[in-house]
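Per-chain residue numbering starts at 1, and chain names A, B and C are given in the order in which the chains are listed.
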Amino acid sequence: MSESFSRWRARLLPGHIVGEILSKSWIDNAIPFLLLLLSIAFFSPRIPDFFAAYSLEDNSRQLGELLLIVLGETIVVLAGGIDLSVGATFAMSTFASLGMFNALGWSVPSVMLGAAAIGAAIGMVNGLLIGYLRLRAFLTSLVTLIIVRAIFDALSLKYQIAVSMPDQKSAVWDFLGNGAWFGVPFSLVLAVAVGLLCHITLTRLRLGWHIQAVGGARRSAFNAGIPVGRTVCSTYVLSGVLAALSGTLYASRLGAAGSDTGIGLEVAALTAAVLGGVSLGGGRGSVVKGALGAIIVTIVQTSLLRLGLGSGASEMILGILLLAAVAIDVKWLKNRLKVLAKVYVSPGYLALPAAELVDGRSPYALNDRLNDVELIGLGEIEGPEDVILDTAGNLFCGSRHGDVIRFFAPDYKQWDVYAHIGGHPLGHAFDRDGNLIVCVSGMGLYKVTPQQEIVKLSDETNRSWLSIIDDSRMRLADDLDIAPDGRIFFSEATIRFDVSEWMVDSLEARPNGRIICYDPRTATTRSVISKLLFPNGICMTLDGESFLFAESWGCRITRYWFDGPKKGLLKVIMPNLPGYPDNINRSSDGHYWCAFVGMRAPAFDLALRMPGFRKRMVERVPHDDWIYPNMNSGCVIKFDLEGNVLDCLWDRNGVNHPMITSMREHKGYLYLGGSLNNRIGRLKIAGADPEWSGNRSYWHGGDA
Amino acid sequence: MRLNKVIGGLVAVMALALAALPAHAEFDDGQINKTRTLLKGKKVGFVPISMGFDLPQAWYEGLHRAAESYGFEVVVREANWNVQAGAQAINQLIGEKVDVLIIQPPEMLSYSRLVDKATAAGISVIQINLKSPNTGDVYVGANWTEIFKREAEGITAICSRDKGRNGKIALIQGALATSGSQIGSQALKEFFAARKDIDVVADQAADWDASKARAVSGTILKQHPDLCGFIGFWEVQDIGIAAAIKEAGLQGKVALVTNGGGEQKSNCANVANGNFTMDVSYDARGQARDLTTVVESLLQNKPTPPGSHPIGIYSPLTNIDKSNAAAGCWSLESVKRDGP
Amino acid sequence: MSALSRFIDHFRGSGDYSVSVPPFDGALRPNERLETALAIVHAPEPDNLVTLADGVVFSSADSLFRIDFGSPAGSHTPAVPLHRLPSTVTALASRDETLAIGLEKGGVVILGGHHDGMIISALDGIAINCPTALAFQDADALLIANGSASHPPSRWKSDLLDGGASGTVSRIDLATRRSTRLAANLAFPLGLLPLGDGGLLVSESWRHRLVRIDVSGQISRVLENLPAYPGRLAPCREGGAWLALFAPRRRLVEFVLREPAYRQRMMREIPSEYWVAPTLRPMMSFLEPLQGGMLKQLARLKPWAPSRSYGLVVRLDANFLPVESLHSRADGCRHGVRSVLEVSAGLLAASVGADAVVLVPPPREH
């Protein structure tokens, strides 16, 4: 009763989505976005005109001016600094713009240029001191703030009246501060344009990468040859220019530069940056983050004013928000990967049919048939998951270092690196022309020509619409086989885990895998069968119209017709294996070999039917202590298409082959591989055809 | 005074009588119904510098009592000493389409565009006690030139060399951008430029802040220990000057003239105890009455278009010194209790 | 308040609800001294090493054997069969010529000495269904530890998984046959060591600690938070005691102990050899549960793998703090040491995992 509840709950609630969303890179923006939605939800019912046109236009105008300053501040903080002088720059620019326009009578573009020049000058002072002389950013910009403020106070004492008396009327000037295009104020338009420019610079241009590098790790950036001083100086100059630009807009809007202009602006800009998720330590942030923070600050400020709360309420609430934002930011940064690790593994419900018995009478009876293996490459090879032999008898296998290793016939004592591809080469097959086709986990499907040239066949398939994970990429291409017409069918064991963590997929027990087809005639790749429980070995049947595939965690072998009258039919031929099937290959007597990478154990099978238990285990018990399928024992079986087990070979004590992932018959011998092993086993099979080889069987190829 | 009291008493009696009658049985004297209809449901926006001191509190008392009795709404959005915030509040009120907007601009020019914007949006603008160069519809408040002329005369009467003193005085201005301060500074400059018997030895600004005033005047007293008097720009700020004088042990020897709203504690009490020599009062309570009157007038008789006929209602001034300090002021508690 | 702190612990997974286990560190730093020791005798499931007269007696299934130390060290010393009992021997104590023997099917039998042939099947009307440890306090006073009121000694796994705490320690006067209960509600007392001052040291297995019962009956905790389940105690020549720990504590088992639904289904549907529980033998069948760290890499089991069996013997000093330890690590076979005994040639340890009694020479003085 509670088990069917678990089953339905696992089916209906897609718990794995939480982990997949958390692993996306844009998740960092989710928190400020949530904050934004929260603040809108909080204030809009309390303020009747929240969405009215005039209110939006008003707020957007404020936002535009604040956004310019926040953009500058974001860039400075991204580079690891802090600019406290923006308020004074803003005031100075307001005053100067008014002076230039009113008292000196300049044209609007000249006024903007002049103000920008003043902002750049102040920024340059900051930049020289902080970037080149390596003074502390906080103190230096604070001192700049005080000095520029004092200059502003002195100038405004003398010239305020002169500067504020309007000497000329200009529609362009008025438009700067008060104009709007279709209800969107000019300041916002300008800010968005500048924001786009900044975003492109930060993400696509070299200067932006330098800024983020300097912010992330200043010493490493220096060692890498990035001109740190110049980069930092440029961020301060940029911040000064943007603050000055904002000041000009403000001057046009208000027409006066009172003594309290720009006071507290640096705090508002910093609050906006931190609220948006820009890290004060540097290296982490973006234009979007700064913009989100600026929107939140604007909404909070204007709404609190609108609500008519008493003196100081707005500052206090913003201060509390800032505190909360910093706390959440720090905690999130520290714990994101931890949370992700805990949340990502999302166990599902899997009820396997009762396993076939492994006892004296069953075809799976324990024996010591694998005790007499000869060992190839003991201690020299690491991770030979699959082995194959060519027409000359040379043995090929993959290694965890990313190599395809070739052992030379006839004694297999010498070896060389046949090809270095990368990843961990898993399944191997020879095609009609003697090319070695390899599934490389972490990379995709590759081909190695007889001239040892490496060609990438496929590393991308069609993306399924409903998957949050980008499943167009292949994470764990496992085994492959080649159809008579040259089509290559290969399995991708799981889309949720990499080769280093493939065992965790067993804990999940979700149908995360699929079988993909690559057609070399058209060079297209398409997923053929999806939602499989760790599809692993693939082997073409002798009729050329179907193939067998193993589902490891599903403990079954299925036959799929890809051609002929039964095309598209799926038939499970062995539903209740007592172990986890891995690679399947042909045997010399017209049947098939299959390797069991591990054996089923009752405690684990029970755990598969209790997803809550596994979920809690993943959360509370460390990784190494998790209950796993028993992969310290394995065997090799020979079976036929009716599902009868014809033979079974064990390494009972797991001395040489505790985990067998693949076996290959070649000329009377069986070669065994294990993906965690450091040796290949070679066993003589009594009564096997000494001339039979895979190449002959597939392509009727002769021997060299 | 007494006439006021009699009228007040009559009004109270009439109000009681009217209240005793059933509401719908109000006698139509030919006007009251029209007034009520015109005033009901209107919206008045009030943007003071801050509700934290006596002047706006007194003005608000008058407004909200009238609002309650006639059924119109008064919305207060204080600027909290922040020009930006005040501008935002005014923008919001313009957007909310209030009928009358009362503003107290902290700086001479900061709100001048907004006054034009409100007028263009069809809103009547009243500026209270401080004004931008453009009036809007009505200015209710003091004539600052007149105030400072009185202060200058007052200090000259005490400190003039013709009167046997040394003629040294210091000016402690408020925030330079405030219209009151600018006008005052201008007026004083003109007044003293012509005279030979007074020297302005120091001219500083205290930003309406009492502690700053204290610091600044303390320095001045150290520089000019034989200073005859101070001209202060606002009674609330100039408490600081009085404290500095006391600290220097020169109480009674250094004169201090200032101006203010005439509230008992800030004005008359300080004159009575010798902190201020003279305090020019513009009677904020009377201003409250004037403001309410103007608001009701504008709501009933809106000028079309707004701003076409600006008028000025200047407050009468009283010099408060020791002779009339006893009864020359109003108290904030009584205004809050009974209205202005 | 304690209810609130328990709830917070339950929510956070801390305190009693944490699945953490103290590491093998300090005096318990792993070594190979048990694994490299010399096997003296091979016998199935050896246990209960005691001295009798000049020799050493141990039990193996339902028989008692004597080891002769006359032959020189290093040679394969045969074990001489002594007695045959009706069921498996689960506890053993000796004094002079007398042997007290606890049996799997219940009850205690006395062989030799004054009370030869006495059978004690109940104490104060309560049956001795699970005799786990015996000790003579003097010639007539026998201490009997009954591990659990609901399970016999061979079903100790069930008692652990059920959270059993129904063990008792009693003293019976063999002359008068009167018994007094010294302690109750113990979690599987498996070791008894009478102390010189009349007190008694008891190893409480499922609570992974040693407690001390003194003359007045007061129970005090002596050594807590052991990283393994404590078994039998033996006296140490230098003062203190030798403690055998028969199985390690693993975080997965601790976790399963806190998962009632899974635990009950497991106990109902799966044979006990294949439970997620500590064992005495290294893993033999693939039907036993495997933990991630136990996966063989390059065909080798890592010594620090989280195996469900382990060989551990600890020497405690006079304050009952660990000072020395002997290990057989996860990749070894000398696991499941329930009983040790100090002899002149060194330390004898009975390892169920290796089906052998081994002799560890004393550490060489440098």
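In this section, contacts are C-beta pairs under 8 Å (C-beta built on N, C-alpha and C of every residue); 3 or more make two chains touch, one makes a residue touch a chain.
What you see is a predicted model, and the numbers here were worked out from it, not measured in a lab.
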item	value
Taking each chain's C-alpha mean as its centre, the one farthest from subunit A	B
Core chain by centroid distance, with centroids computed from Cα atoms only	A
CA centroid of subunit A to CA centroid of subunit B, Å	65
Centre-of-Cα separation between subunit C and subunit A, whole angstrom	51
Chain centre separation (subunit B, subunit C; CA means) in Å	94
Set of subunit C residues in contact with two or more other chains	none
In the complex, subunit A residues that touch subunit C	2, 382, 503, 598-599, 601-604, 606-607, 610, 612-613, 616-617, 620-633, 654-659, 674, 676-679
Complex contact set, residues of subunit B against subunit A	50-52, 75-78, 80-85, 87-89, 91-92, 94-96, 106-110, 112-113, 175-177, 182, 205, 207
Residue ranges of subunit C in contact with subunit A within the complex	13, 19, 250-252, 255, 259, 261-262, 265-266, 269-271, 274-276, 283, 286-299, 301, 306
Interface residues, subunit A side, partner subunit B - complex	49, 52, 54-55, 58, 62, 156-157, 160-161, 164, 178, 253-256, 258-261, 302, 305-306, 308, 310-312, 314
